[in-house]
Amino acid sequence: MDAILLQILNGLDKGSAYALIALGLTLIFGTLGVVNFAHGALFMIGAFCAVTLQRVLNFSYEDVDESQKDFLGNALKVKTPYVEAWFGPEFGGAIIDWAVPLAILFAIPIMIAVGFIMERGLIKHFYSRPHADQILVTFGLAIALQEVIKYFYGANPIQTPSPEALSGVANVGALIGMDFVYPVWRIVYFFFSVVIIGAIFSFLQFTTFGMVVRAGMADRETVGLLGININRRFTIMFGIAAAVAGLAGVMYTPINSPNYHMGMDFLVLSFVVVVVGGMGSLPGAVLAGFMLGILESFASMNEIKSIIPGIDQIIIYVVAIIILLTRPRGLMGRKGVMEE
Amino acid sequence: MSKSAFSRRGVLKSGALAGTGLALPTIFTASSAAAFTNDPTGSSVTLGFNVPQTGPYADEGADELRAYKLAVEHLNGGGDGGMMNTFSSKALQGNGILGKEVKYVTGDTQTKSDAARASAKSMIEKDGAVMITGGSSSGVAIAVQGLCQEAGVIFMAGLTHSNDTTGKDKKANGFRHFFNGYMSAAALAPVLKNLYGTDRNAYHLTADYTWGWTQEESIAAATEAMGWTTVNKVRTPLASTDFSSYIAPVLNSGADVLVLNHYGGNMVNSLTNAVQFGLREKVVNGKNFEIVVPLYSRLMAKGAGANVKGIHGSTNWHWSLQDEGSQAFVRSFGTKYGFPPSQAAHTVYCQTLLYADAVQRAGSFNPCAVGEALEDYEFDGLGNGKTLYRGDDHQCFKDVLVVRGKENPTSEFDLLEVVEVTPAAQVTYPVDHPMFAGGALGSCNPGS
Amino acid sequence: MGILEVKNVGKRFGGLQALGDVNLSVKENTVHAIIGPNGAGKSTLLNCLVGKLIPDTGSVMFDGQSVLGRKPFEINQMGISRVFQTPEIFGDLTVLENMLIPCFAKRDGAFSLNAISAVSGQKDMLETAEKMLVEMNMADKRHMHSASLSRGDKRRLEIGMCLSQEPRLLLLDEPTAGMARADTNNTIDLLKEIKEQRDITIAIIEHDMHVVFSLADRITVLAQGTPLVEDDPQNIRGNPKVREAYLGESA
Amino acid sequence: MFGLENKDIRMLLVVAVLTLCAPFILNPFPTDSALAQFNAGYPDLMQRFVIFGIFAVGFNILFGLTGYLSFGHAAFLGVGSYSAVWMFKLLSMNVVPAIVLSVVISGLFALLIGFVSLRRSGIYFSILTLAFAQMSFNLAYSVLTPITNGETGLQLTLDDPRILGVSATADGSIPVTNLFGIEMRSTYEMVVGPWAFQFNAGYYLCALVLLAAFYLSIRIFRSPFGMMLRAVKSNQQRMNYTGLNTKPYTLAAFVISGMYAGLAGGLMASMDPLAGAERMQWTASGEVVLMTILGGAGTLIGPVLGAGFIKYFENIFSKINDQVLHSWFAFMPDGLEDFVVFVVHPFIGKGWHLTLGILFMLVVVFLPGGLVEGGQRIAKWVKTRKGNDDETPGKTTPAE
């Protein structure tokens, strides 16, 4: 019983990353009709916003300590971050410790800017081009972006720990009268994603801007005829989608150390999530994200693996096939979206 | 029909059939001038450094490349000579190999067998490389080793830890300096016994491919032999990035030791996840829960950050070793590049030197002669103490380091500390050991 | 007994009764028009005839065989061709290729793995297609990309494609919708020509009374999913029920 | 001739000349010159050009004609390779049975996957094919190891049975692949002045197969079947209402392109008897998609150009290192040399991916029809210039 609850929790937590990425991807699909293979790269850039902030906060000056030796036998240079020197070791240390949450503030403007530049500079020219061209250009962009990151940060994963206070485990089982623990940061990630998803949905539901965008998703031409400048709004939506992917990346860094190809690792999966959810459906993407997360967690249980060996390797794809064959347009897809 | 498989650009260069302006077809046969593939007849000899330059192991590949360049410099008499000064064999003169200047070509394995073989083939066919070396994973090493056997050049493996490389997939033209899964287990087991006792329940998480399996098998056998119970062996998909769903069941499994048979990015993530789930603070059956990472790499340990503290594993070599050879290598590498070398860098540097030395001693680049010179060759001064290149399986037998994540690192390189140097005798196994059975070296192939 | 016999066909969409109890008989070699106000169920009925929709009740017989449960391509192979409201042609192909495809479909059936012989070597097919192009007055446009044709030409092409299959029943779904007067008249002339020169039955769904009265031999008026009247054009013109339900002042 | 029209014969002849003379064309620089780095005329790479050309030509029959974008075609290439290697292990080292088996098996595999996947269209179809291919890859890497040898890849060993051959040669090595005795790896070297050209038996086998495959693809493009496939892409609704059943058309195209992929896989294994699971990974499927689009989807020659382009970068650019750069720019003053090397450095060697990514973007932005369009533009430009020079100077030829 514990084991099952734990895997459900784990699935929700995995699913929140899938859902966040798929949400942005489907926003771009839905509004702009663009197949964005660079969406994983946006997630990765978000993660490297956190890495960058951590590096910036750790800019250090060096003191020579004669009592210690470095690897060549010379006197060791001890590094002290400027932040600690300016704000005192305690407060300065706390700032460095909270680098990842702080990076959210840092990442939002950067990601929106990246989104704007991408849309205005490149994607815009591809609205009326075939999907194949969109795939080629965004894939090229994704490769170029990740190579740039690799050039500056290397290929190895980079450790970006969560704040001390949010590390460790919490006894979540106690809430329901049981006893099992779960990492605090992963719980934080789950609630964070719920907040972001909620914010996006309310934004689309309750603002005029959101209403126009939703109308545009349903029928772009009609909205254009009303004399509303839908293109500018779509640019903003692209910025928002980039920001969502970026924030998902920032908060993901303590869970797994980021590296330059993490975007590609998520790319295929996020496409599967979006399609299983149904093209052009935001609730579908979120639902599919959580569903696949939970199923993936279950499939990795020993009890299930011993019945069907290797099921955890392929569960996502098996589910995708079953759903697409039984529900032609995924869970909640609309008719006629990307069926040609 | 010609039997010549691969080009010998060297011959042609010096042959200089130019001048006549005529197309002059030549067919090389076994009886032609060259007796083996890519016989360097000019004033230089070309080595092929085939390392991952893209993909997850690109940093390790870059470090290997640095070591190769250093080795070439030393072989050609440049720099401070590095380990050439401490190497027990004094055959190398610092004037290249057999008086020929050492040149090199580089390629990208992408950590994919196909790409690695394509790259190695281009080195052999286009650049006339007489030896291929490098790599950062066992799949690639075995694939390229097979290719070199067919092509008739020597393969000096880089970082490859699977038992199979010198076990069921061993080849007469392939040589491995790096240690393997069995040796890791043999070195680790006694240390673990001392630290954690004989009554332990181990839970294995294993990368689901051949390297992972051989290591899992080795560690399980060694720990079971000293009284531990293996609670479970769980295979994790290679493509996993988040291991939480595999870690969660460990919590209530009754296990008190977690063995992570992962390498590279997988290792960083699974270890990070394990620590996240509070396994290190956990107490099971009145004992502290422990995590073991049998194959450590300092470059990768960096990605796991503070999570490695206090966690034991094994490694082929570490820059903090105090012997003369290691010191010399760290000095020349560190002076040139500004940071200490990794174990991958060390092993490929050694391999390059060992190859050059064998050629020098054999007096020929012929793979069969080189192979003979390397087989059952005993040497010292390359950082791992007295070492034997066993002739029966082309595996090096040398001391293995048991290391621990350092609690208070003084710099970004100072992540591991050596706990014990397990002597070579303790990790040596008979050549017909069941974990290595099923293959045959075959006979050396000089090509042509 | 007509060539097309629709009996007691009904179709619901959720709570909406799109078709009530439709009975319709189309006589061979006549032009039968189906008219009715918007939402009368004309398109639903048409879709039931061609296999796009399956009616909940009733039967549809074509030449003595039921079409129900058959796929659109099977129904087409039985001899029913359909012209769409907005011309459906192969926009990426040339006009000649557009015309060739139905010829091949007629000769080779629903599927043929004719992958080795060249199209340009099939002289008989080319001849048939060329003949039809001449008939449609489009021979000079044969190598044009069909997507770049004018609306009127697309319509002619589509009708030509249907005719080259030599169907026994041609279904036309508002063939002049959105056309300028001149184009509409051209289309009427074309259809008249077809009617006179060929042994063909035509069923036409139309909004434009001018078209209906110029062409039809028989008219069924549909209202709220059920046939109101079926009669000759002159009687329909004078029928007060029809005036009330549909024609209103415009007649 | 060959039942083709004149322009198709011309194209076939061009391809024939290009492939048969590839050892010359791809080795334009003298062996000792600094630019020899750009020579691609060695057997392995030439084989790869041709094999991936076959793969892309086949993929184009599906994607270029019907518009169905399969993201799992690498699975058929992988299955073809495995079949061929198993044939080498069990039956004989002759490549003919191996290639035949790989085409048959991958055709059956394509029939199965196509039958299921073609129930959906558009992106739903793409994801279904992707899912099947990824499943094949993941399973081949792990639980199917007894058949695929997992991570290491399926290789020949000294104790393979090889019913119609020997397990090991007299000198104790694994026998090599051959075509009725002609060893695939045998190479004949011709030296002309400072140049050296390599003629490899395996390459010529691949080249002939490519020509046959290309010829077949021309026939398909020009056939009624090919026209029907283009009609599927253009308007499925009209297809259905013209009495045509689209499903068998798309399925046939899928199976044919799957068999092309299997042929490529079988040839790959015949040139180098190893089959690795990563041949089936989505990145490999993506690669053939990129090759086709890059070259020009729906054109005959485009996919071959795209395949050559990508493989050239993968194999030639990745091998350029700083040492090579320095030797190129050695003529410059020291400071400038270092600066130039510094600027170029990120784009070569380990940065070849970056160059490739940027080139993808440039091609798709400036040449919407792929490389073929680039070729057409150049041809037009040349024609225009010629027209100006020859006829009426000053009067520009109107664009078509």
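Think of it as A, B, C and D in the order they're written, each chain with its own count starting at 1.
We take it that a residue touches a chain if its C-beta (ideal position, glycine included) is under 8 Å from a C-beta of that chain, and two chains touch if they have at least 3 such contacts.
Remember, it's a predicted structure, so these values are computed and weren't measured experimentally.
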By count of C-beta pairs in contact, the leading pair of chains: B-D
Rounded Å distance, chain C centre to chain D centre (Cα mean): 46
Distance between the centres, which are taken as Cα means, of chain C and chain A, whole angstrom: 52
Chain B-chain C separation of Cα centroids, rounded to whole Å: 74
Mean-CA-position distance for chain D and chain A (Å): 34
Touching two or more other chains - residues of chain A: 313
Residues of chain B touching at least two other chains: 54, 58, 62, 208, 235, 237, 239
Where chain C touches two or more other chains, by residue: none
Touching chain combinations (by label order): A-B, A-D, B-D, C-D
Sites on chain D touched by chain B in the complex: 31-32, 39, 42-45, 48, 138, 141-142, 145, 149-153, 155, 157-159, 168, 171-174, 176, 181-183, 185-194, 196, 198, 201, 272, 274, 276, 278-279, 314-315, 318-319, 321, 323, 349-350, 352-353
Residues of chain B defined as touching chain A within the complex: 54-60, 62, 208, 232, 234-237, 239, 241-242, 244-246, 248-249, 251-252, 265, 268-269, 272-273, 276-278, 281, 299-300, 302-307, 319-320, 330-331, 334-335, 339-340, 410-411, 413-414
Contact footprint of chain D on chain C as seen in their complex: 50, 71-74, 76-77, 81-82, 84, 88-93, 97, 100-102, 104-106, 108-122, 125, 161, 165
Touching residues on chain A, where the partner in the complex is chain D: 35, 122, 125, 129, 131-133, 135-137, 139-148, 151, 268, 271-272, 275-276, 279, 309-310, 313-314, 316-318, 320-321, 324-325, 328-330, 338-340
Of all residues in chain B, those that touch chain D in their complex: 1-7, 9, 12-13, 15, 17-19, 21-28, 53-54, 58, 61-62, 104-108, 112-115, 117-119, 121-122, 125-126, 137-139, 142-143, 146-147, 149-150, 164, 169, 208-211, 235, 237-239, 439-440, 442-443, 445
